[in-house]
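Scroll down for the structure; my scribbles are underneath it.
Chain nomenclature is as follows: A, B, C and D, assigned in order of appearance, with residue numbering initiated at 1 for each chain independently.
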Amino acid sequence: MLSDVCYDDGMENKKLKVGIVGGTGYTGVELLRLLCVHPNVELTAITSRGDAGSAVADMFPNLRGYVNLVFTDPAKANLGECDIVFFATPNGIAMQQTRELLDKGVRVVDLAADFRIKDISTWEKWYGMSHACPDLVASAVYGLPELNREAIKTARLVANPGCYPTAVQLGFMPLLEAGVVDTSYLIADTKSGVSGAGRKAEVHSLFAESADNFKAYGVAGHRHLPEISQGLSNMANGQVGFTFVPHLTPLIRGIHATLYAKLTKETDLQALFESRYANERFVDVLPKGTHPETRSVRGSNICRIAVHQPQGSDVVVILSVIDNLVKGAAGQAVQNMNIMFNLAENTGLEVVPLLP
Amino acid sequence: MLSDVCYDDGMENKKLKVGIVGGTGYTGVELLRLLCVHPNVELTAITSRGDAGSAVADMFPNLRGYVNLVFTDPAKANLGECDIVFFATPNGIAMQQTRELLDKGVRVVDLAADFRIKDISTWEKWYGMSHACPDLVASAVYGLPELNREAIKTARLVANPGCYPTAVQLGFMPLLEAGVVDTSYLIADTKSGVSGAGRKAEVHSLFAESADNFKAYGVAGHRHLPEISQGLSNMANGQVGFTFVPHLTPLIRGIHATLYAKLTKETDLQALFESRYANERFVDVLPKGTHPETRSVRGSNICRIAVHQPQGSDVVVILSVIDNLVKGAAGQAVQNMNIMFNLAENTGLEVVPLLP
Amino acid sequence: MLSDVCYDDGMENKKLKVGIVGGTGYTGVELLRLLCVHPNVELTAITSRGDAGSAVADMFPNLRGYVNLVFTDPAKANLGECDIVFFATPNGIAMQQTRELLDKGVRVVDLAADFRIKDISTWEKWYGMSHACPDLVASAVYGLPELNREAIKTARLVANPGCYPTAVQLGFMPLLEAGVVDTSYLIADTKSGVSGAGRKAEVHSLFAESADNFKAYGVAGHRHLPEISQGLSNMANGQVGFTFVPHLTPLIRGIHATLYAKLTKETDLQALFESRYANERFVDVLPKGTHPETRSVRGSNICRIAVHQPQGSDVVVILSVIDNLVKGAAGQAVQNMNIMFNLAENTGLEVVPLLP
Amino acid sequence: MLSDVCYDDGMENKKLKVGIVGGTGYTGVELLRLLCVHPNVELTAITSRGDAGSAVADMFPNLRGYVNLVFTDPAKANLGECDIVFFATPNGIAMQQTRELLDKGVRVVDLAADFRIKDISTWEKWYGMSHACPDLVASAVYGLPELNREAIKTARLVANPGCYPTAVQLGFMPLLEAGVVDTSYLIADTKSGVSGAGRKAEVHSLFAESADNFKAYGVAGHRHLPEISQGLSNMANGQVGFTFVPHLTPLIRGIHATLYAKLTKETDLQALFESRYANERFVDVLPKGTHPETRSVRGSNICRIAVHQPQGSDVVVILSVIDNLVKGAAGQAVQNMNIMFNLAENTGLEVVPLLP
């Protein structure tokens, strides 16, 4: 087993020049946590309009001793000299700056939603703005490695999936690919930690508002709904009926997706999942009858999945957990980078989850 | 509005003699919190085998100044002199002692599960013991006031519902009574705070195990499943297909039930729920489009419910929250006591929820 | 004991007209929680510039069914018709509006800091603004009932103490009044829940920033330092040497003050404290050798104190806990109101603490 | 900076055979987290009397894919073939088994308290048992590398310090070594996360007991008091007067020590601390005026310290934070192992702290 986690040296210590646009949010600091000890990465620039000039480690003291960069004004960062640039920005920023970077030969991974949804009008409806570069959307690769690994290898522009979409799609994928459930009535009851709302000063994310409290939100419609629907429909080769109910739970990190579907043909579900993910380093199918905990993936890029068929009925219940900031954001982005640059896929990602 | 909460004096300060068997758990301390300032109650005895002789307020310092009783050995407590006795004991205790109390004219409310399930073999299967008094099960009244108020009024023995069953049944009740959903595929995805596991020293309930962590449990089968199935089937006048997935969430108190059903006829759901609960003091139907928070009922006997039909599909999503220790246990028990003794139903129960 | 908590009817149901300025913060909602079921209060107006016109219970759903007021624009609220007005506003607001209210015969309790510090230049230095009405500062009564009850009875303007100052002063008071400790070296190591920072959208108060985290802050100087120093010096009849180190701890509510002083004469400390607070309903001196928990006062106006002299040395350690929003803010304000209007001091304040 | 964190290869991939006695507690799982990816370690045996035969990763699912050992019965584990054995057992176990291991040439690090206190009668008083091997206590080295590095290099038996003692001693050490404070009146007000109580099923460590709650404990006397007193007295070359007040705070991990001392000669405290720890990889002296957060060391072996002299008085306030399970236990044990085997001291310990 230990061999699983040896650092691969395929690139013989080649260092990629890496830039991060928008380094002051949680996906930013998480990218830094992973990249600052990644053996094939040289952190070149981290931009922030508001905090230009201040030391990154002053804002994020966990990085003291690991990151000695200061935030750079985006206008002054020579991002064109990077091998790869990550956008850890709010929605609508990456689409403004990506073309110029691509033209300079820089590869781009967008951790926001600008390139995730292929249907431009759907995107514009849910995100409330006009898209700046519909043609790039067409060429962007949706960065879910377990689904799109081959395309990611040669991608210039990767749309890194959302956190809920990662947990939900990895949970439904084996069922939909195998065609064994009723696709007209899929339910995802999902629970997210508060860091999913980002490092924005908003009342509902205050400790005194969200601690010792549990609630659903966005039941009428959440931006991850069209992203997941697109993905599930692709897997099912046809439009799915999908109900998505997100909840806020007092975790710092973690997503737990509980998925419901009706089985249409008898199937050895455990074998189906184990076989589908047999060669996936970052998807762990748990033994039958078990329940994954979010903390079992805390700080790690792993998605753990358990499969249930309670009381012998035809209802399948899938439990899928990720760390929203890692497999649901920064870790998956690094996984995509590793694939794009032909590094061992787990390079820099073998952080043992922190428990307790 | 203030008139809603005035203390009713129907009994002109008549004081009921109240005993509690098993006062050292969370339902015990919660009964004490409510009863010690209940205007029609005189706390007579609180029993505990293990802590007999020690002051209640030493174990529960919140009660200093309010409760000056000491725990009594059950053998020495003159429970037969009480008007009413609450069992806040583990399953299997109340069924041993109830007949003797009933024979002495004492009314009994069991907060455990001994009298909740009418089918004895089902009960014995799920609870792993033989039932000591099947005949009393037959005569016991299931203490969900919004369903069984009339029967409770004259009941000698009330089976106080479980916490999950309260939240789930109140959420499904209007739909099932109106016959507007497909009863073959009902789903309850429920989330409970850790106090639901009781004040028992168990590793999985430790702070360092359950804080910053979220997981499902008992997906293969949870003891509240047959209780809820029985209730829903009664409401639906026929066996329902019901999937129940409980989760543990890092709250001290609170249950959030997210319920899914398929609509079989077009219905004004908001009107249906508002009408069903129009006269219920302890069920609050929220405005359309809103999301109840568990903290909005913290410490209170209220169940808040919101009704959704996301994206205009035929899937109904009901959000139902309670405080598991109040409406899900001790508060509902007091509500039942008030009904049994012809007190105003909200007597002693108008505690404003604590937020934040 | 139950007699302790009976509602006093001294005013024979006279209802005071009560206004609240700035009802959208945590001290505001907490005032509402207590006042909406206070038997001698009629809530008349709650103002908010930003939220005028919206229902109070929409912002604070715990108040549904208890408060049906809407927020009023301050300019349109007829506060002059109130018997008493509470300012639950940021610092610097009350001093602008108090004179006009006093002139109309309205009594005022300011929950902010405008009238707490007698030395105007000290106040102006720590609060960074010019004081609008130094003469009113002189006539304001510092509203710590256990210290100033007689003056509060006739006060027109009460400066409600800060949260830390309440816990610290109640802890040191018996020692200083008795003159048994070295006043040149007093230390208060204090810990506060996050609600103490208010319901303001600030990054450091986010759940993902303050959960599972502990830190000191403001060690160089905190605004409560001069307030406490003033109080301790008054008690000691001379300038004290005082070190104040506040910490942020992941509680919603609660302050724990750990106080250190050096004993200068042998004293029965337990007797000293019990005697000093023998007649105080809201100060509870715990038995020797015990440790108060913040949750033992959650939601309640009680301050619990324990006295230690570890290892028989001459170092006194006092442990003092309050709920920062109740005895540290809204509850103490209501206690002051009760005193000002000759109501039983505990009227409306006998909320049993919520544990767990 | 990145050079700081390169894995040192001094041993050219020599693998140490490592055994762990008592692997089912939090220090056990934490040792496993660090050792399973340590480049010079081969995990050989993990013992547990109660769980022998079950897979380690079944109990600690974070280790799935990293540790494939099963728990071994202590009687059957060939610990004598190890290069080093860690005791992660309750107090009183290591002293029974250490001699046999030492005699076989195995080096031993005890994470419990058996060898920490040199005065046997003091140890026996605080730990309530007779010591099994006083002679080994004399030869054991107290494993605080920043104090005892040279002795650790050649030690056969290391007494790994307690969590509080680590944070407190590192905070006071520069002051005492420099002789600039009054040693007769030192105060440590310390706060610990709940994992410090271990993975034992006890009521006071339940989530519902310790969440949203803060309290002091053991003020009359805590077992870490004599350990710290011994250390401080050694540093001060004479008996110190020391008051120690521990508190429980709702963190999973983390210790925050707030230390108070009176300065006896004018000193540039910032320079003193920076100079003392200039060459220490795992002590980080923060810039003047800052406040370390426990989360800034979460999962990491670093101790961060800030120095204050509030209001220009002669009172020094030191803030010192560690992760109790890492620098306060398992990480420091690995640091000691690295020193004992002449590995780069940070080998396997460059885990970037997890924030948020």
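One rule holds for everything that comes next: a contact is a pair of C-beta atoms (placed from the backbone, for glycine too) under 8 Å apart; a residue touches a chain by one contact, two chains touch by 3 or more.
Note that the structure is predicted; figures quoted are calculated from it, not measured.
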Result of counting contacting C-beta pairs for A-D and A-C, higher pair: A-D
Chain whose average C-alpha position is farthest from chain C's own: A
Between chain A and chain D, centroid-to-centroid distance (C-alpha), Å: 35
Centroid distance [mean C-alpha coordinates] between chain C and chain A, Å: 45
Residues of chain C engaged with two or more neighbouring chains: 26, 193, 195, 199, 208-209, 211-212, 250, 252-253, 292-293, 295, 298, 356
Contact set on chain A toward chain C in their complex: 26, 193-195, 197, 199-203, 205-212, 250, 252
Residue ranges of chain A touching chain B (in the complex, touch as defined): 185, 187, 189, 191, 193, 208-209, 212-217, 219-221, 225, 241, 243-245, 247, 249-254, 256, 258, 260, 262, 289, 291-295, 298, 308, 310-311, 313, 315, 317, 319, 321, 356
Residues of chain C that touch chain B when the two form their complex: 1-2, 4-5, 26, 29, 33, 36-37, 60-68, 195, 199, 211-212, 252-253, 284, 286, 292-293, 295-300, 302, 304, 325, 350-356
